[in-house]
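Both complexes shown next keep chain A, but they swap its partner, so chain B is in the first and chain C is in the second.
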Partner chain A sequence: MSIAELLAVAITVLLVGAVASLALARWRRLAGWVSTAFVAAAAIAIWVVVLRAFSSPAEGEATVLVLPGLGARLSVVVDPLSAFFLAIVATIAVVATLYSVDYMTHFAGNTLAKFYPILLVFFAAIVGVLVVSDFLFFLVCWELMTLTSFFLVTFERENAASQRAGLKYFVITHAATLCMVVAALLLWRECGSFHFGDLLAALAQLLVTRPVLAHTVLGLLFIGFATKAGVLPMGDWLPDAHPVAPSGVSAALSGALVKMGIYGLVRFFCAVLPASAAAVGWGIAIALAGTASLFVGTLTALGQTDSKRLMAFHTIGQIGYICLGLGVGIACLRSAPTLGALAIMGALFHAANHACFKACLFLGAGAVLYRTGERDMNRLGGLAAAMPLTAGSSTVASLAIAGVPPLNGFASKWLIVATCLLAGMRQPLFLILGLVAMFISLATLASFLKVLGAVFLGEPNPERQVSEVPATMATAQIVLAALCVLLGVLPFWPLRFIREAVAASVPITVPSASELLGGPWGLSVAGGGVALAVWSPLALVGGMVVLALVAYGLQRAGGAGTREVAVWTCGEEHAAATVRYPASSFYLPFKHAFEGIYPRIRWRVPAFPAGVRRAFDVDSWAYQPVARLVERSAGAVSRSHVGVPQVYLLWIVVGAVAVVAIVLGLVG
Partner chain B sequence: MLTWMLVLMVLLPALAAAVAAVVKGALARWVAATAAALVAVLAVWCCLASYGVSYRVALGDLPWLAGTLPAPVFGVLLDPVGCILLLVVTVIGFLTVLYSTRYLSTANRDHPEGPEAQGRYYFWLLLFLASMVGVAISPNFLQLFIFWEMTTVCSWALISYYGTPKSLAAGFKALVMTAAGGLFFLGAICVLFAKTGSFEFAALGQLPGHWRSAVFVMLMIAAWAKAAQVPFHTWLPDAMEAPTPISAYLHAAAMVKAGVYLMARSVISTSAVPPKVALLLGAMALLTMFIALSYYFIQDDLKRLLAYSTIANLGYVMLGVALGALGSVTALRGAMLHILCHGFGKATLFLCVGAVAYMTGSRSISALAGVARTMPLTATAFFIGVMAVAGVPPFGCFWSKFMIVAGAMRLPGAIGPVVVTLVLVESLISFAWLLHVAQKVFLGKTTPVACVNSDPPPAMSAVLIVLMLGCLVAPAIGIPLVQWIGR
Partner chain C sequence: MTTAPLLALALALLNVAVALLLSPLAEGVMRKLKAIVHSRQGPPLTQPYLDLLKLLGKEDLRTTGGLPYALAPALSLGSVLLLATLVPLGAAPPLGFAGDLIVLIYVATTSAVALILTAFASGSPYAAVGGSREMMMLLSVEPVLAVALVVGAVKAGTLSVGGILAWNAEHGPTISMAIAAVALFLALQAQAGKLPFDIPEADQEIMGGPLIEQSGPRLALFRWALWAKQLIFALLLVQVFVPWPHLGIVPLDVVLTLVKALLVLVLVGVIDAVNPRLRIEQAMGYYMRVALSALAGLAFAVIGM
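Then we have the complex of A and B:
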């Protein structure tokens, strides 16, 4: 089968699954299992596509439908960049659906007829976004993705917060889409086609001939993609929408949906800019936007007490890292291909890693919500004993997002920060941005220590009987946590594929994988043939394992026992669980220091001035006077109807005389 | 064969109207539904039979004009432009009649309606269907005018159907405004005949310069009045006193489209529209869109909100036609497609509101909430209608709006991007407000008013399902069809 046929199979399977789950919606778990089966089948087809795209030379485009009047055609092509994101989406989709099987049994008041079918169409739309190569149909898939995710966010019908968040999400992202429509049309005006290749060629041309127009187009595209990715300030929808969605959906949103923004940025910005003179300017702009997001997003997350809202802010922060890497890459790719390519690869790697650990964290928060009904971390605590699997996988994911070696977050952040610092030798601004990113990594760690401390450690609430979540939910979390470890320990292998993706999407020849990354056992950042920075996770893990074995051996040899002690509270007297250190008390100095960093704006419906209203009220000054006039003249005419035949005869005579007089007057 | 089918499509509903007026009780609605179904089937068949060609046959003449005209006065014409209107009119017409058979009943909580007066309702509704088919297949201005005025009369009768003082006033207002517009239409025809000796659409091109502008302006005024464009937009919201199926059909899908159809016809038939007139048409369309938008936020009656949305969407069609007159075939095609897609989307919305009113007895945005709990099908249909009308892909109006803005983008210099930006801003705000209202009415905690048992009766639900599908597939039917326009 060709790639296009495989994709058709995958999308058909998803749509058939949507219909099947709609029919079975009454049986909650069954609908979940059926959906999972269909998603898994589609994911297998997609993974085959992914492997084919990386292994064999690129297959040509397959055109499904042509709209000659508009210069648009529905054509499908999978290059390594699409394939890379397809891999993320396929994985996250299976995990999120599997997780939902048991999770969604909880929403008794809401029928699942509005969950699984929409979820499956949502995945189909994302696949569509990644494989079409025509901007019109890209927009169709893109908005279908927004539309379906809107209904997933507003799943809880009676929850006013979900409705508000959903509306905000849809309106903001629809505005962003309209920006993309304008950008596409501006380019279409130049080249008469919506095909990606033609549009990019037109954009590259415009950058030379009409830079103002080209920068407008790029700006509009940036708004469009960055809004979806969650870059501040347009990403303001994200902290509202992610927490209110069912947790499986939160994971899919954070893991897959926001990555589509990154895909768009790479597809359009990395494909055109590095070869042009505007590369440095746009690179700095994107890097600055990313740094602002990671700074504001993460520091705002530090003060949150709602576990899912906290994670949503971290999504903004981590997307900031990705943008920082992309910006550095775009700025440096032409002058220093190795550095630039490594930065973009770091960014893409971070996208994949973020999908793993953030999805895992959302699923963990969802697991806690499922068992306790709480998202407020002030009222949680001590769950580690009752929910060891959830606690374990959340801990791994927390350390991964904070960039603790040897987990995957470290590998990608290391690439981003290292390239940033090295690029700082050419462009000092990047040095500052890299330092900010390093500092924020610390804030991320602090923030997740708070989550782990407040949710899983401390005294459990004695009134609450909590047990581990069902196997489906636990499996989903463990798979993601395992991926976090795997990608962290063996970063070379995913990065080899990512190199293909970067090579396929940038206009500059990218050095080979071994040249970029060194040997298969680690990573290195080279400058002028000299390795400037090296990271070798296997050696580190090996050393740690050896040390642990030695320590264990010493303990056994010495016959030392372990002892249980109370939590050390810095010597303070500690009383009941109700007065323990709550989540809202963490990092108060930070909260005060960065109080206004995330302002909230209240929107109101504009009130029109009275004069304008009156001017618009055409009835009062046009129709009603005319209607009154008609009525009055009708009254006047009716007065002549006196009901006396003689008077009517007189009128006839007078009229006849008048007519004769007029005719005579005209003729004579 | 095709000729007689076309004539039959006018005669059949007219005949059925007469029958429906005479027979008593439930029989009237079966006569009406059968006739409307037959017409819809015939219309689909005719569109398929004449696909992609312009089919034209002369049928008869006025004795005193015989021989003086280049072509006889009466005849039939079916081309892709007419097909679009014909499909909207007949398919949505049938669905409306089907919906009405259940809507007009004593079970209706909004307006309980016994079987006695229903003959009158179906008489006017079927007569309207006949005249609208006549509008769609008219080969010249004179015949078009005759059917045009017939639709005005039907509209008056149906708006005033309930006979309350408010509905009588609304009906009179609609009649005065559209008939005043009709006078301008008549004036345009007279000038055309005096100057060129012909009633043909193409005769517009033979007019000398300033007369052509004058005739176009007169036609434009007629179209504005019919399509409720600024400054004649005030009759349409008042016309919401009509029974809801009538609002859906006459005042969203069909009759108001006659106005934009007239402009489209005029523009398509002659390639020589004076540019200043086209610019005026486009500017007024933009103005209409924003004025209609400004009324959204103060509406509490769902139907009035939808009426203003209709006005704005007719503005889109006018804008597309104006852009077509300025030389953009894409925008002209988009405008015709918008007639089709908006017809389905807005009919869905209106009939949903009708279903809600039928079950709950209320159309008030502030009184209703959480209707989705008990009426999930209606809620789904309403959300799909909102997406379709607001232009969210993959639903109908996205495609038509996209084609219109694509045409606008081709305008020279900075005008193109500015117009596109304005249109998209309007689109975004109206989308946001409609979505907000949909959430307010259908989601959230159920209010006492909204505590009802179920979705509406099967006939009404079936209509909603078909319309939902229509919102999705309308572009698939319409895009190939409009490709034939302007070849």
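Then we have the complex of A and C:
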């Protein structure tokens, strides 16, 4: 089968699955299992596409539909960049659906007919976004993706917060989509086609001939994609929408949806800018936007006590890292191809890693919510003993997002920070950005140590009987946690594929994988034949294991006995709940130092003049008067219909007399 | 070139041995010094060794079970020993081929992660307060360390710690490196957990903070990790930022470095002996200013001074 046929199969399977789950929606678990089966089948097809795209030379476009009048055609092509994001989406889709099987039995008041079908269409739309090569159909898929995700966010109809968040998401992302439409039309006017290749060529030429127009287009595209990605300030929808969605959807939103913004940025910005003179300016702008996002997003997250909201803010922060890497890459790809390519690779690697650990964290928060009904971390604690699998995978994911070596978050942050600092030797601003990124990485650590401490560690609440989540939910989390470890210890393997993705999307020849990354045992950034920065996870993990064993040997050397004792609270007896250190108390002085960093803007919706509002209120001046008139005349008519046969006969006689009189009168 | 891995292994063993075996001695010197400043007799120099020996044999009282909790002290000490192999001692860092200064900074936080998670897991409110403070001190001090190392990186044009050392030994003192060295020295006071920055432990108010529920061999390992860490950061300071005289003969350089590190720790000990404890927000403000001032060093480095 060709790639296009495989994709058609995948999308058909997803849509058939949507119908099947709609039919079976009444049987909650069955609908979940059926959806999981269909998503898994589609994911297998997509993975075959991914492997095909990486292994064989690029297959040409397959055109499905041509609209010659518009210069648009529905054509499908999977280059390594699309394939890379398809791999993320396929993995996250399976895990999120599997997790939902048991999780969604929880929402008794809401029918699942508005969950699984929409979820499957949502995945199909994302696949569409990634594979079409025509902006018009890209926008169609993009809009379908936005709409379906809106319905997923607003799934809980009785929850006012989720309706409000959904509305905010709807409005903000549509404003962003509007920007993209305008950008597309501006380019279409220049080249008369919606095809990506033509648009990019037109954009590249505009950068030379009409820079103002070109920068306007780029600015509009940036707003469009950065909004979806969650870059501040446009990403303000994200901390409201992510927490209120069902947890499997939160994972899919953070793992797959926001990555589409990154995909758009790479597709358009990395494809055009590096070869142009505007590269440094735009690179710095994107890096600054990213740094602002990671700084504000992460420090705001530090102050949250709602577990899912905290993670949503961290999504903003981690997307900031990705943008920082992209910015550095765009800025220096031409002057230093090795450094630039590594920065973009770091950004893409972080996107994949973020999908793994953030999805795992959302699923972990969801597992806690499922068992305790709590998202407020002030009221949780000590769950590690009762939920060891959830606690374990959340710990791995927390340490991964905080960049503790050798987990995957460290590998990609290392690439981003190292390239940022090395780029800083030419462009000192990047030094500061790199330092901020390192500091914020530690703030991320602080934030997730708080989560672990407040939710899983400490004394359990004896009044609450909690047990581990069902196997489907636990499996989903463990798979993602295992990916966090694997991608971290063997970063060379995914990065080889990511190099292909970068090479396929930038207009500059990218050095070979072995040149870029050093040997298969680690990563290095070389300059002038010398390794300027190195990270070999296997060597350090080996060293760590040996040294920790030495330390453990020392610990056991004295042959000391072990005994379980109660916590010592200075001789006084306290219930564990009364002396608990709640989540809101962590790092108070530090939080005070950064209070108000996230601007709370109160939107004043402008009110139209009273006359205009009345003019648009068609009900009051057209519909209601007519309705009243009809009603009144109908009332008058009905008064004569009394239901007595004699009266009706009388009317007939009166009528006949009247007709005869009129006829006689006319004849006479 | 077959000797290179062997040499690296030998140097790694040397670094680990120094961090493990000499760090209690450095602590002993600091205790003695503190006693002298306080006009006391003070414990013998070997007292920290005796403390460790005694603790290793005492009963281990635990408030909570679980494998991660049981392994945390070993992970903490293990990661500090790993840090020792990333820091130069008389020669380039033995594991420098596997990790640069970014790796060094992140590995340096790993032992604190183990300690803080242990504190939260132990269930004691004092430990939770201490763990929270430990994290805030880390947040305050780490930027100073990062800025100082990045100054070196800009000067040497590489992120490899060995490369910075080599460049500095060859080119002699510069203004930017001097500023970075001073900043790093000020950070050392908190890295070592000494007054006025022993806020996380704060024996008189929260009774050892994260360590309150640790006893016997677990306490020994956490203490050991702390002492090893202060020696390692002193080594980092004197080797990377004040590497002169660099003779190129490894045994002599090792001895010289150790003497210099001990001198630095003596200075830390004196500051410890004559200062009262600060509050956490004062310490945070102080280190924020230190980090911002260290940015001046970065500015000098960028313009090549």
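Keep in mind that, in the parts below, the second predicted complex is superposed on the first by the 575 of 668 C-alpha atoms of A that agree within 3 Å, B and C clash if a C-alpha of one lies under 4 Å from a C-alpha of the other, contacts with A are read in each partner's own complex, and residues count from 1 in each chain.
In the analysis below, a contact is a pair of C-beta atoms (placed from the backbone, for glycine too) under 8 Å apart; a residue touches a chain by one contact, two chains touch by 3 or more.
Keep in mind it's a predicted model, so treat the numbers as computed, not measured.
Undergrad: By residue count, is chain A touched more by chain B or by chain C?
TA: With both complexes superposed on chain A, more residues of chain A are touched by C.
Undergrad: For A:Gly643, select first, second, both or neither according to whether it touches chain B, chain C, the two together, or no partner.
TA: neither
Undergrad: Using the touch definition from the top, say if A:Leu449 reaches chain B (first), chain C (second), both or neither.
TA: second
Undergrad: Just checking: does A:Leu136 make contact with chain B only, chain C only, both, or neither of them? Give me first, second, both or neither.
TA: First partner only.
Undergrad: Kindly classify A:Gly596 by the partners it touches after superposition: chain B alone (first), chain C alone (second), both, or neither?
TA: Once the two structures are laid over each other on A, A:Gly596 reaches no partner at all.
Undergrad: Once the structures are superposed on A, label A:Phe439 by its partner contacts, choosing first (chain B), second (chain C), both or neither.
TA: Only chain C is touched by A:Phe439; chain B is not.
Undergrad: In the overlay, answer first, second, both or neither for which of chain B and chain C A:Pro609 touches.
TA: In the superposition, A:Pro609 touches no partner, neither chain B nor chain C.
Undergrad: Report for A:Val417: first if it touches chain B alone, second if chain C alone, otherwise both or neither.
TA: second
Undergrad: Just which bits of chain A does chain B share with chain C as contact spots?
TA: Comparing the two interfaces on chain A, one with chain B and one with chain C, no residues are shared.
Undergrad: What does chain A use to touch chain B in their complex?
TA: Within the complex, chain A contacts chain B at residues 67-70, 111, 113, 136, 139-140, 143-144, 146-147, 151, 154, 157-158, 160, 163, 166-167, 170-171, 174-175, 178, 181-182, 185-186, 188-189, 605, 608, 616, 618-619, 622-623, 626-627, 630.
Undergrad: Can you name the residues of chain A that touch chain C in the complex?
TA: 382, 384-385, 395, 399, 403-405, 410, 414, 417-418, 421-422, 424-425, 428, 431-432, 434-435, 438-439, 441-443, 445-446, 449, 452-453, 457-459, 522, 525, 527, 530-536, 539-540, 543-544, 547-552, 554-569, 576, 579-581, 585-587, 589-590, 592-593
Undergrad: Could you list, by residue number, the parts of chain C that touch chain A in their complex?
TA: Result: residues 12, 16, 53, 56-63, 65-66, 68, 71, 73-79, 81-82, 85, 95-100, 102-103, 105-107, 109-110, 113, 116-117, 120-125, 128-129, 131-132, 135-136, 138-139, 142-143, 146-147, 150, 153-154, 157-160, 163, 212-213, 216-218, 220-221, 224, 280-281, 284, 295, 298, 302 of chain C touch chain A.
Undergrad: In the complex of these two chains, what residues of chain B are touching chain A?
TA: The touching residues are 173, 176-177, 230-231, 233-234, 291, 294-295, 297, 329-330, 333, 370, 372-373, 376, 383, 387, 392-394, 398, 402-403, 405-406, 409-410, 416-417, 420-421, 424, 427-428, 431-432, 435-436, 439, 443-445, 479, 482-483.
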